[in-house]
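There are two complexes below, and they share chain A, which is joined by chain B in the first and by chain C in the second.
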Partner chain A sequence: MSGPILAARGLTKSFGPRRDARRVVDDVSFSVGPGAILGIVGESGSGKSTTLRCVVGLERADAGEVLFDGVPLAGADREMRRSFRRDVQMVFQDPYSSLNPRMTVETIVGEGLDIHRAAASKQGRRDRVVEVLELVGLDATILERFPRSFSGGQRQRIAIARALAVGPRVLVCDEPVSALDVSVQAQVVNLLLDMQQQLGLAVVFVAHDLALVRHLCHEVMVMQHGVVVEDGACADVFDRPRHDYTKSLLAAIPIPDPERDRARRAAAAVDRRSA
Partner chain B sequence: MKGLDIVSLNVEVPVPATGEDLAPRPLLEVRDLTVSYPGIGGPVEIVSGFDLTVARGERVALVGESGSGKSVTARALLRLDHRASVSGRVLLDGTDLLALGDAEMRARRGSRIGLMLQDPMTTLNPVRTIGSQVMESLRVHGIGRAEARRRSVETLDKLGIPDAARRMRAYPHEFSGGMRQRVCLAMAIVAHPDLLIADEPTTALDVRVQEQVLSLIDSLVAELGMGVVLITHDLGLVAGFADRVAVMYAGRGVETGPVSELYRTPRHPYTSGLLASVPRVDRDGALAPIAGSPAQPTSRPGGCAFHPRCARAEADCTRDRPEVRPIGGADVACHHPLAMAGEGAR
Partner chain C sequence: MTTVATTHAVPRVRRTRRRLPWLDRIAYGTVVLLLGLAILGPLLTPHDPYAVDLGQALQAPSGGHLLGTDGLGRDVLSRALAGARSSILGALLAVAGAAAIGILVACVATIGGRWVDDVVMRFCDITLSLPVMVMALGVAVALGPSLRSAVIAMVVAWWPGFARIARAEMRTVITSPYVEAARVLGASRWRVMLRHVLPNSLDGVYVQATLEIGGATLIMAGLSFVGAGAQPPSAEWGAMVETGARYLTSAWWISVVPGLLITLTALAFAISGDSLRTRNHPDAALT
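== the complex of A and B ==
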């Protein structure tokens, strides 16, 4: 199959009382091909996380549809929806709240295998858990330990292992590194890239860090006030942004190089004065 | 007690010669700052022998990850925590803040040193008006209500709050995140302090608002000649803003130098590792992460605290703590610093 593995058409979602509803996601459409990485960027309140939550079913969209392997989920049978829930896995922002503190690493990572009856036996389950732990750079010695004994970076590795355990085809990540220390962020980013390449996953990646999105993604979609203002290949959007909002976002990103950043900020200040 | 020894020692030791003897007295001079908190099984040292100098009109960035002690340093400079035992010297215009009485210290908070914190939602009192909170910074120093009001409006106005006189009566929830952060900045600078300490002032903000807040601080430096200590984990933020950068790791300064030099030729492996692990919007290329996680205060490795994560570590790094020494234009605490330009390149 060469069509998109995951697609959304006209997703719309409002919050608040019906009379005074706030449209948080407004007619958002996108598609991700097998093995592609789509980045969704925007400021806080732009609707990027809500879009993601509508896609995976954590929120119910008011309108629009989600297509999985080209088939609309709404009309899909039970079996299809079950396979969607197995094949599309999520990694959340904060590994301090996304791991149940009362469960061991083995139960956390193995839970999906139970739900989807993906392991033949208890031993088979343990083997699979160890396999994915090793995949993300951890090992079997931590099976009986609890989340509290791990650092943020290790917790996020556990969360990624949990997502990978059931052998998904799509990984949906909501700001997966923004809660981590700077020196650890790069480890997790490289791990995600590595997994994506090794396993041929499609990835939808929500982030406010544009430099990171540029680094990681093939395609990017820029959201503002719930609307997609610009999308396209990552290199195009970053090198030749068309929409003013994208331009202003890009102009505000600090560059870790004193001369270049100063020159750019000075130029921007001149622009502002002459505007 | 060890802490007491350091205090009594410092009374006798003259100001160390730094080669700046002929230069005018710096605005802030922090020497051998050590901060510990009570912990299970004895005091835990969070900051150890930290030095920092800030001149008038100078913007110094204090960069570190979680657990590096950067925020504890900020609070110690203002003596905000009674639980903390602080030793060393914090000279503001030559006066040692750590030797002051409580009332004298109180008189300096806000008026001589302003503090701005990361999260305006926790800094601002949700049930009091913006105006009363900004005015408080002046009122506590004995300035009359009318004068305090006038100056508060003027400051809010200068920081770009539209219709400032009317907005004085608004409550924090009526403001956006960026506007709230401007209010916090107004609270910190309304009494025209000589020194502004800003602890992650833009971390909770979107990039465009972050840019605005930094520009505001920049213009205040130019206008009022304030010194600024900007505390952040974001090396990208610092590049265009700071004059000098101090990098902290595990409670110690590991590298301090002029911003352009520090970015061009980082000497400490930790500094160069941090630079290599940040994705850049202006450049492609693989990220080179630092292995492991930041050292936590309760389990800091001996010798150089960075050695378990360091590719250049040798036997002496595990054994002896490196002293700070000048290399090029920077002060570096490393046994095996990156020597030449290019060697630390990404």
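== the complex of A and C ==
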């Protein structure tokens, strides 16, 4: 069966008072097949994150539906919802706030196993936790430690381990590296790619770094003001953009000339700070 | 303007971190001392606090009775020590009870959705708009004056304050990414509440509780003073102040000794609570 694992149809979400609500996500549809990586790009506020949040159920969409294995979740039975909760996992943007500061690494990573009663015993749970920790490049020595003693990169690895522990088929990532130091971004991206290939995961990857998306994704969807302005195979969209917005995004990709690039990054950093 | 404020703030905060101000240290020390007194006080009494000896009535502080005797010849020092237990533990119990109920209500309000939240919190607002003393007095009298009624009355009058604080903190915590991560994993509402929200929302409640113990001691004593709390023969600071009041001009020590202890307790807990608060949120020190 090669239909999409996860799909969205006509997702719409507004925020604010009913009279002048702001449509943050407007009629967004997409699908991801097994083992495929879909990138969602767009500037800040274009509705990428909200789209993801609607898909995983952190926000309730005003309209539209999420399909899991071709079945609409809205009408699904308990069993189906349960397997959705297990098969679709998420990695958050900021690893400094996505780990409970009062839980040890073992309880953080093992929580999904507890929730889904996936571990037969305490030892079985610990074995599985160690297994995923090793998968993400950490080891059993950190089991009893708390999040505060880790760097951003390590924290994000722990967050990825938490998502992988229950053996998902889809990984939804909301800008998983944009809160990290530039020096560890590549490591985490490669880890994600590695996991995706090893475990055959389908991945939905939200980012505003287009170079990253180009490196990572098979398909890409460009969003602006809550609307999908362009989508298609990654190579097509990047090499032959049809929409003006896509073209301007592409024009903003860093130039591989350290001097000019540095100047531009500095300017961008100043902008970001004053914003 | 903002730059000036920030540069001013930094050294102050640092100093608080590195070394406690002397006042805070004294307050913490006094709190420990008072707690020790509450536990051991009744064992340290030089005389029987309830032994009436009319021949010894109204004696000024002397070698035999270090803090003098009251109108019935009972040793004031012994009664003050014996009273530490009911006065301080009573206040602790009242605050602990109020905090526990407040936290529970906050949990229900947070999980229950908007409608439940609105009803519960408006109820808290109404309760909060009544003066604690008046409300506690009413409840204590309705229950029949006794130390137990006083404690229950204070719990009834005090829990909404804790519910507010706990709910405010829970509101923030429940939107944090680690809570969302748990939801994506499929955690139930109760699991999210108990494992993630609750343990991360209690700092403010602890601080507030410490801060309120001082006030609770005062109200406790106040209830006893007006006759709605501990009843006359029992050694309780508020009741002692009341019995001594009629001798105030001739035998001041009967009221002044327990009065000073009440003041000391209220101050020590209030300053400790405030110190905890500023250490938890350094910015609060500047307001």
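Keep this in mind: the second predicted complex is superposed on the first by the 257 of 275 C-alpha atoms of A that agree within 3 Å, B and C clash if a C-alpha of one lies under 4 Å from a C-alpha of the other, contacts with A are read in each partner's own complex, and residues count from 1 in each chain.
Definition applied: a residue touches a chain if its C-beta (ideal position, glycine included) is under 8 Å from a C-beta of that chain, and two chains touch if they have at least 3 such contacts.
Since we're looking at a predicted model, the values are computed, not measured.
Visitor: Should chain B and chain C be called a clash or a fit once both complexes are overlaid on chain A?
Guide: fit
Visitor: According to the stated criteria, A:Leu199 is in contact with first (chain B), second (chain C), both, or neither; which is it?
Guide: In the superposition, A:Leu199 contacts neither chain B nor chain C.
Visitor: Figure out whether A:Val227 sits in contact with chain B (first) or chain C (second), or with both, or with neither.
Guide: neither
Visitor: Count the residues of chain A touched by chain B and by chain C, then name the partner with the higher count.
Guide: B
Visitor: Applying the document's definition of touch, where does A:Leu212 land relative to chain B and chain C: first, second, both, or neither?
Guide: first
Visitor: Would you sort A:Glu43 into first (chain B), second (chain C), both or neither based on which partner it touches?
Guide: In the superposition, A:Glu43 touches chain B alone.
Visitor: If we overlay the two complexes on their shared chain A, which of chain B and chain C does A:Gly112 touch? Say first, second, both or neither.
Guide: Once the two structures are laid over each other on A, A:Gly112 reaches chain C alone.
Visitor: Tell me the contact category for A:Arg262 with respect to chain B and chain C: first, second, both or neither.
Guide: first
Visitor: Once the two structures sit on chain A together, report how near the CA atoms of chain B get to those of chain C, whole Å.
Guide: Minimum C-alpha separation, chain B to chain C: 7 Å.
Visitor: Where on chain A does chain C make contact in their complex?
Guide: Going by the criterion above, the answer is residues 56-58, 82, 85-86, 88-90, 92-94, 97-103, 111-112, 115-116, 159, 162, 166.
Visitor: Chain A touches which residues of chain C in the complex?
Guide: Where chain C meets chain A, its residues are 176-178, 180-188, 191, 195-196, 199-200.
Visitor: Using the touch rule from the top, collect the residues of chain B that touch chain A in their complex.
Guide: 65-66, 177, 206-208, 210-211, 215, 233-240, 259-260, 263, 273-282, 284, 286-291, 293-294, 309
Visitor: Would you tell me which residues of chain A are touching chain B in their complex?
Guide: 43-44, 151-154, 181-187, 189-190, 208-212, 214-216, 238, 248-262, 264-265, 269
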